[in-house]
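So that you can tell them apart, the chains are marked A, B, C and D in the order they are listed, and the count of residues begins at 1 in each.
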Amino acid sequence: MAGAQDEPSRALRSEIAWSTPDRIGVLGHDLTRDLMGRISLGDMAFLEVMRRLPDARESRMFNAVLITLVEHGIVPSTLAARLTYDGAPEAVQAAVAAGLLGLGSVFVGSTEQVARLLAEAFAQAQGEVSPRAIAQRIVEEHRAAGRRLPGFGHPIHKPVDPRTVRLLEIARETGFSGRYVELILLVQEIAGETSGRRLTLNATGAIGAICCELGVPWTACRGIGVMARAVGLVGHILEESRNPIGLEIWRRVEDEASQDIRGKLKEEPA
Amino acid sequence: MAGAQDEPSRALRSEIAWSTPDRIGVLGHDLTRDLMGRISLGDMAFLEVMRRLPDARESRMFNAVLITLVEHGIVPSTLAARLTYDGAPEAVQAAVAAGLLGLGSVFVGSTEQVARLLAEAFAQAQGEVSPRAIAQRIVEEHRAAGRRLPGFGHPIHKPVDPRTVRLLEIARETGFSGRYVELILLVQEIAGETSGRRLTLNATGAIGAICCELGVPWTACRGIGVMARAVGLVGHILEESRNPIGLEIWRRVEDEASQDIRGKLKEEPA
Amino acid sequence: MAGAQDEPSRALRSEIAWSTPDRIGVLGHDLTRDLMGRISLGDMAFLEVMRRLPDARESRMFNAVLITLVEHGIVPSTLAARLTYDGAPEAVQAAVAAGLLGLGSVFVGSTEQVARLLAEAFAQAQGEVSPRAIAQRIVEEHRAAGRRLPGFGHPIHKPVDPRTVRLLEIARETGFSGRYVELILLVQEIAGETSGRRLTLNATGAIGAICCELGVPWTACRGIGVMARAVGLVGHILEESRNPIGLEIWRRVEDEASQDIRGKLKEEPA
Amino acid sequence: MAGAQDEPSRALRSEIAWSTPDRIGVLGHDLTRDLMGRISLGDMAFLEVMRRLPDARESRMFNAVLITLVEHGIVPSTLAARLTYDGAPEAVQAAVAAGLLGLGSVFVGSTEQVARLLAEAFAQAQGEVSPRAIAQRIVEEHRAAGRRLPGFGHPIHKPVDPRTVRLLEIARETGFSGRYVELILLVQEIAGETSGRRLTLNATGAIGAICCELGVPWTACRGIGVMARAVGLVGHILEESRNPIGLEIWRRVEDEASQDIRGKLKEEPA
């Protein structure tokens, strides 16, 4: 970017942390005095996302959301982490990173899509319309555009996702079952009526609504999923180190995948 | 790996999680009934690493270790994450992954080195020798081999790392100030006497000893650091989205780095 | 995905490569007989993308595209790679990966956007309309939607990007200056007339058009950029190992970024 | 790193590239005039590693090395890339990065181990000893320490790795069959006599020796493998987009891996 020398230099600022020889400040808190020994990793995650510590209700709700996202057993991301570990066991950080890299639009992205949908729906409605009318509009817009509603459906957990039931229960207990939860449930009801079959509100749908209730911006939702999955990926990598499955998967897939072409070549080169 | 078809196929097994339509098991616990709404992310991390839930003392100690590792402000890994986010803001998972990738031998590795050193020292001693004699041997072996003792020294936190003070305090309060903590403190004392200057036991040194006290295998130590840093990286990426510094860093570094060579070429090509 | 056991198992197939004890087949070619010692890495890249070897004209054009993308000096992705290397010098693969992760929508993505725009424009037009009319429509649609035309503008290379000039010259020499190149130049002309100022067709714009000429699907364009940048990142990592700049960047940015908050804390905890 | 403010600021310098509005310099060459349309990606890779362009013999040898490393069909790294793509198809760069992350000590590392072994053997011998005596010492040292000789053995390509045969042939043709190749062949011979069975010199062993012949420092060897594999990974990701196998692998592995634990829980919580 030489040639842009004429632009004035902008100050570099971060408000997250500072260190002096005997003190460390993190988002306004003294790390050793206020945080270590006093709060859990989940509350520290809340602090990183919201720039303030949670109260007890927020802590319970936010940790429940995180716990839901930590572990999904053998899935593409845990397989990618294990296969990476098998090649570079000296670099555990790389195996975790490989596992995180697949947390894109297909699996984890729906949480942010739901949170965005709900947040923007209220922002556009500007308080004038009933929740049922907003839900109606959401369902109709998706139907007209031929787009899938995010946050619904699951290959295994049907007709009810048990994580959704539990998340909504904790939301009621902690006072986070407000208008966003109401709206996603209305969307479920109306979309179900329209399509003539009961829709499953999955865990990502419930979490998207609860993030809105907690005041988490939708842009932070994917990051919350990424934090949580980093924890679960470490568990898988440790299991891979004790009881490896990656090389056997490799052997089986390679055998099967190349069986139609093995030994076959095009013409001899000129 | 074709050609290895003759090898018998090995069963693929994972003991971490399972799902049925209405239930999810995680390391022997019912996710929705036993974990969600009941435990924090830090306890879930303990479960992933130790394959059992922590008791209250373990929870306090383990969460304190995690909290210590979450946030270090602007460091190479948070810069790498921010610069990556600037190019691919649609892929937050990739920015977190980029930040994790530098958690190698230089910064985070020393926790596992300390834990390994202490665990192997007792394993080799087989209970016959006094802790002081073991510490003496460790110091002498490192001195003779010209190797640095891991877990000592810090560019800012000197002569005392305030995190170490707090971690050892919590270890005493929770009953995790046992023989590994004793040993690392004896190493500090003896190495200080030998070199004639007080050594700083840094946070990674204290954490290495405390992980041994908690029964965490040294091979899991880097993973614990990786989990914790994933949480902090999300905070930095969110700040970068609100108040970006990456492009200004780019502009300044590029300007300065190329100033001696700008406009210079070798001879014309033949 | 348990519970989906009822789905029939699908065969796993890959047509890329096979091995027997004395032979390796890659996309129909004998690796040792037909490829090693005969073709360059750029031609191998063409083989991976197009599933056939290039002829001499295709080879010259495709290698020119690749060469254009290898090296951009100090940019966010090379900084991320260097900062990662400083923390994990034992894992060069992780430093390259960190550098690649920022090749998202902001920098490298515009090549695929241009290729997609041009490919879809002809697909929609179905041969009925003149190139000038298609260009007109593209410019109007972007204007109406308030969207930026991809492939135009550059912070340094203005009013003309010298790489574009050279790429279009090689395209003429090799016979790849066809209707896609014509269309992007018409878009440049019409958008310039409409806005009243000359637009810079940048290298990503030219490459997007040339990829269409070569028959490369737009979905493969980002991959071509990623391959090329992997080569350049290795050069930066080797330089960082000889003459490190990462730690000095860290020191400077940390000092400046935390200066407003250093020493400041919120209230004492309750 | 606040508190280190007293350290003098070091200049940031990179000698790789510069840009002005109408020119781009890469390692002393004018990008558009000297490189684009004139050299291949493999020669550009040589330029990045060696900081000069190759002559024709170097180009042929170096490209043959690169070509050997591009494609290995279905292996852990291509599986990790495919599984990552399935979750984040919008981020091809992340899928390539995931594939690269496993190129650690187990698979790709042996090239650098061989190059280091050979380079250090001559450095230590300081020209006084015969190659045979050096080879004898290498074999004995590894035997005594119970360490495996890097660069030997292969699960499929036995008793002879066809890539090794071809690489050594090209090395003879291009004049790069010098003392490093001689030494690795003597190691093969002597280790075979000592163990009583013919050893397979694999492709990584041959490449390690040839890199020494080319003057490539051993520290650059892993980077060369990483560049080459980035090219092959793109081919696999494109195939995954046309004919996906990742989700079927997931389904099969999940089904099998959880079958012993499905439905099992520990005791009810207190």
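Criterion: contacts are C-beta pairs under 8 Å (C-beta built on N, C-alpha and C of every residue); 3 or more make two chains touch, one makes a residue touch a chain.
The structure displayed is predicted, hence computed values, not measured ones.
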Moving step by step through touching chains, the smallest count that connects chain B to chain D is 1
In terms of mean CA position, the chain most removed from chain A is D
Comparing A-C with A-D, the one with more C-beta contacts is A-D
Given that chain C and chain D share one sequence, their CA atoms superpose after a rotation (degrees, nearest 5) of 180
Taking each chain's centre as the mean of its CA atoms, chain C sits from chain D at a distance in Å of 23
In whole angstrom, the CA-centroid distance of chain A from chain D equals 34
Chain A to chain C, mean C-alpha position gap in Å, rounds to 28
Touching at least 2 other chains, the residues of chain A are 1-4, 12-15, 17-21, 23, 33, 73-75, 88, 90-91, 93-94, 97-98, 101-104, 108, 156, 245, 249-250, 253-254, 257-258, 262
Among line, ring, star, complete and other, the chain touch graph is complete
Chain C contacts chain B in the complex at 2-3, 18-21, 73-77, 79-80, 83-91, 94-95, 97-98, 101-108, 245-247, 249-250, 253-254, 257-258
Within their complex, chain A touches chain B through residues 1-2, 4-5, 7, 9-10, 12-24, 26-27, 31-33, 35-37, 39-45, 47-49, 59-60, 63-64, 66-68, 70-74, 91-94, 96-98, 100-104, 108, 156-158, 160, 162-163, 165-167, 169-170, 173, 219-220, 222-224, 226-228, 230-232, 234-239, 241, 243, 245, 248-252, 254-255, 258, 262
Chain D residues touching chain B in their complex are 1-4, 11-15, 17-20, 23, 25, 28-30, 33-34, 38, 75, 88, 90-91, 93-94, 97, 101, 155-156, 253, 256-258, 260-266, 269
